[in-house]
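Sharing a structure with you now.
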Amino acid sequence: MPDDDRLNRWERRTGAALTVLGALFLAAYAVRVLRPGLSSTGHTVIAVIEYVTWGALAVDLAVRLRLTSDRRRFLRTHVFDLVVLALPMIRPLRVLRVLSLLIVVHRRVTRASRLRLSVYVGGTTALIIFVASLAVLDAERRAPGSNIHTYLDALWWTMTTVSTVGYGDHFPVTVEGRFLAMGLMVGGIGLLGFVTGSLASWFIDQFSELQESEEETREDVADLVAEVRALRAEIASLRAERAA
Amino acid sequence: MPDDDRLNRWERRTGAALTVLGALFLAAYAVRVLRPGLSSTGHTVIAVIEYVTWGALAVDLAVRLRLTSDRRRFLRTHVFDLVVLALPMIRPLRVLRVLSLLIVVHRRVTRASRLRLSVYVGGTTALIIFVASLAVLDAERRAPGSNIHTYLDALWWTMTTVSTVGYGDHFPVTVEGRFLAMGLMVGGIGLLGFVTGSLASWFIDQFSELQESEEETREDVADLVAEVRALRAEIASLRAERAA
Amino acid sequence: MPDDDRLNRWERRTGAALTVLGALFLAAYAVRVLRPGLSSTGHTVIAVIEYVTWGALAVDLAVRLRLTSDRRRFLRTHVFDLVVLALPMIRPLRVLRVLSLLIVVHRRVTRASRLRLSVYVGGTTALIIFVASLAVLDAERRAPGSNIHTYLDALWWTMTTVSTVGYGDHFPVTVEGRFLAMGLMVGGIGLLGFVTGSLASWFIDQFSELQESEEETREDVADLVAEVRALRAEIASLRAERAA
Amino acid sequence: MPDDDRLNRWERRTGAALTVLGALFLAAYAVRVLRPGLSSTGHTVIAVIEYVTWGALAVDLAVRLRLTSDRRRFLRTHVFDLVVLALPMIRPLRVLRVLSLLIVVHRRVTRASRLRLSVYVGGTTALIIFVASLAVLDAERRAPGSNIHTYLDALWWTMTTVSTVGYGDHFPVTVEGRFLAMGLMVGGIGLLGFVTGSLASWFIDQFSELQESEEETREDVADLVAEVRALRAEIASLRAERAA
């Protein structure tokens, strides 16, 4: 499959550029949430970063679709990416749009780089906590009856949710914030389940391999027993011949 | 056991029909909870679906009891089904009746179809969350002092409970809703315990098998050593004979 | 060690009687908590049951100390029992006294009977939830500012605590109730840790055994190789002799 | 490496003295938090203990740096210790300063002594709960709108947080207290992850070893089969010779 070699080369070569773009996009989002009273120049810069990121991801997806050898499979495994890139035109929900774009960037970037599992899990968790705090602050800050008004409130809420402590001194009250929180709960349990499941299936694979190897050893020993018995019969017949 | 072949055939053949009936029953319950101001025609349709489901389950249980080879064992392992089918006549608790009927349908349908474990656990969890939200809304909506009034409130409460976050911004106050919540807690911990326990017992079984196999290999090798020693003695006696 | 045979016989023979006494003691405690306005006759009956249980445990401990072969070790592993039996004279805390007596009865009774692990864990958890609800109700019911007034409140609080959901709609406010809750938290985490740890150490033991067995197999095979090589040298010398 | 022998000797010899100093430092902190209205003599004693501890740790770090064979590696793995010892001059946060000094003492002392894993985990958890309760009480007691005023409140809050129950009847409201709580959540999850991860990696190592050993056994058996086959050919040729 020479085509998939070209796909892998493309993904490796553009990985660094997309990482930078993803970090810029995240920074732009952080600025927009943490500095609500921004000048119009600031707003323009942020909008440009958002459109460039969106455009770069669309171009990247198109190139990768052209370079893959099995296009049907590629489309099937990248439905989420396609939906997210089509999303901004059909839905006005800012939090949802930003979060899904960040998920696409994250999946795309981690495909191109290899990290130790502990660094990856730790870094992703820290990133999720940082971004979720921004997103919930964005959704809740101006809602009537809300109790999340500063970034510290939002970070505090995210930490008590992710650790499942859940004091209830701060919690989202908007539809947007609540669905974000549900995503955080599902994601947390999902990440835990993924790590546990991967470990368990690794053990199951190793076990099957070990059992197969052990079975083959037993078959080899059985062959050996037959061989030695034949040898003994040979010698017995040799002796009988001599006696005759 | 030709009787159990017939039982399995019956369970497989009626599986699809019961799945459809279960989905209809669930939809009817959802409509009744989510649309309280329903026309009398709507109420009649829902009541018909409930009675048909109940009747179908009773007939199915009777047929399966007739087809099984070991009737005593069947009755022992299906006490819950019998109690649930007898329940509607003796208790007026709607939530309890609906939930137990759904549990019976679920157990009956999953017997007839085979799913991958991850799909099964994920699907069942989603179903439990959806149904528990309906049930707690049904129980709490009109209770004095209640704080669960919309389906979003109920879904939010179910998610914070299942993830054990438990903010305490929404919680059941009726006896019915509290027992439902306790069931959810026990069920959640039970499901986790079941998955962990199954995995652990799978490993224990595999280990015992591997150890037995390893022990048999060792016995085979010991036999082989004895065999080769006998062979050597044979040759030594052959040589002694020749020397004589 | 004939002395320990006599100890085991004593423990097995008195197990049933202590189970009945423990159940009676628990029932008496439940009645005292759930029926606050009891007649003086009722109070007398309860007090008699409490004193008989306490006396029986003291006699049982003395007999077991006399029957054991290693008295120093017995005293070291039964410090908790000794402290609990000395407790009622020096402290007036009813909840603490009742709970520790129940722990002693439970440990003593489970020594004498063998249960399947799942039944044991399930039964103990149910018992803990039942007794902790009684104890927290006993401690909180009449405290100023308390929010646990009925057995349903207490059961609901215990369930939300044990499942770590912790809504915060009900919680203990007295010193007694709070220490009870801390015990419940520590006990729950301890039970989980005990089950996980037992499983892990079981696997570690099995692994060491399997590895030792595998090593011995390899040594056996090495012996066998030496044996066959000797055999081959024998035949080679036999042939050289013949050729001479 | 004779230098590292001298490092280990130093660490073992000064371990007891540092344990005593650490306990004194902890006791001084406990007195300062639990007895706010202390005489000026008391304050002087506490300040002396704090400065002596700080000085002893600085001297100890300098000696160890001198005794180690690979200084670059020592500096890299002790960045935290260096930052903590430089901290008191640049930041006025008492809770942070005390906690980081206690972490340094704890790491230094446990390097010099060997404990059973269960004792270590249990003891560390108890210590964390005791110190975190002191620290949160120190941070929250006089804050406006705070709900943690006594040591029992603080202990109760720590327990509900560590067990992830989180009722929400008590929670920190100051920036200091909230960061302390986040550290507690991260630390708790981190400790759990560390224990689980260690166990899993132990199993993975053992598995690889067992599989290698099994593979070598199979190779040995295959060699043996070849050996026996050669032996059989030898005897066949012997017989052919005789027949000729």
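All chains are identified by letter, namely A, B, C and D, in their written order; residue positions are counted from 1 within each chain.
The rule is short, and it goes like this: a residue touches a chain if its C-beta (ideal position, glycine included) is under 8 Å from a C-beta of that chain, and two chains touch if they have at least 3 such contacts.
The structure presented is a predicted model; accordingly, all values stated were derived computationally and were not measured.
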Looking at where subunit B touches subunit C, is over half of the residue numbers used by both copies, so same, or under half, so different?
different
Hey, how far is the Cα centre of subunit B from the one of subunit D, in Å?
42
Please compute the C-alpha centroid of subunit A, do the same for subunit B, then give the distance between them in whole Å.
30
Residue ranges of subunit D touching at least 2 other chains are 160, 164-168, 203, 210, 214, 217, 221, 224, 228, 231, 235, 238
Quick check of your reading of the touch definition: is the inter-chain graph here a line, ring, star, complete or other?
complete
Using the touch definition from the top, list the residues of subunit A that touch subunit C in their complex.
164, 166-168
How about subunit B: which of its residues touch subunit A in the complex?
118, 152, 155-156, 159-160, 162-169, 199, 202-203, 206, 209-210, 213-214, 216-217, 220-221, 223-224, 227-228, 230-231, 234-235, 238, 241
Contact set on subunit D toward subunit A in their complex
160-161, 164-168, 171, 175, 178, 181-182, 185-186, 188-189, 197, 200, 203-204, 207, 210-211, 214-215, 217-218, 221-222, 224-225, 228-229, 231-232, 235-236, 238-239
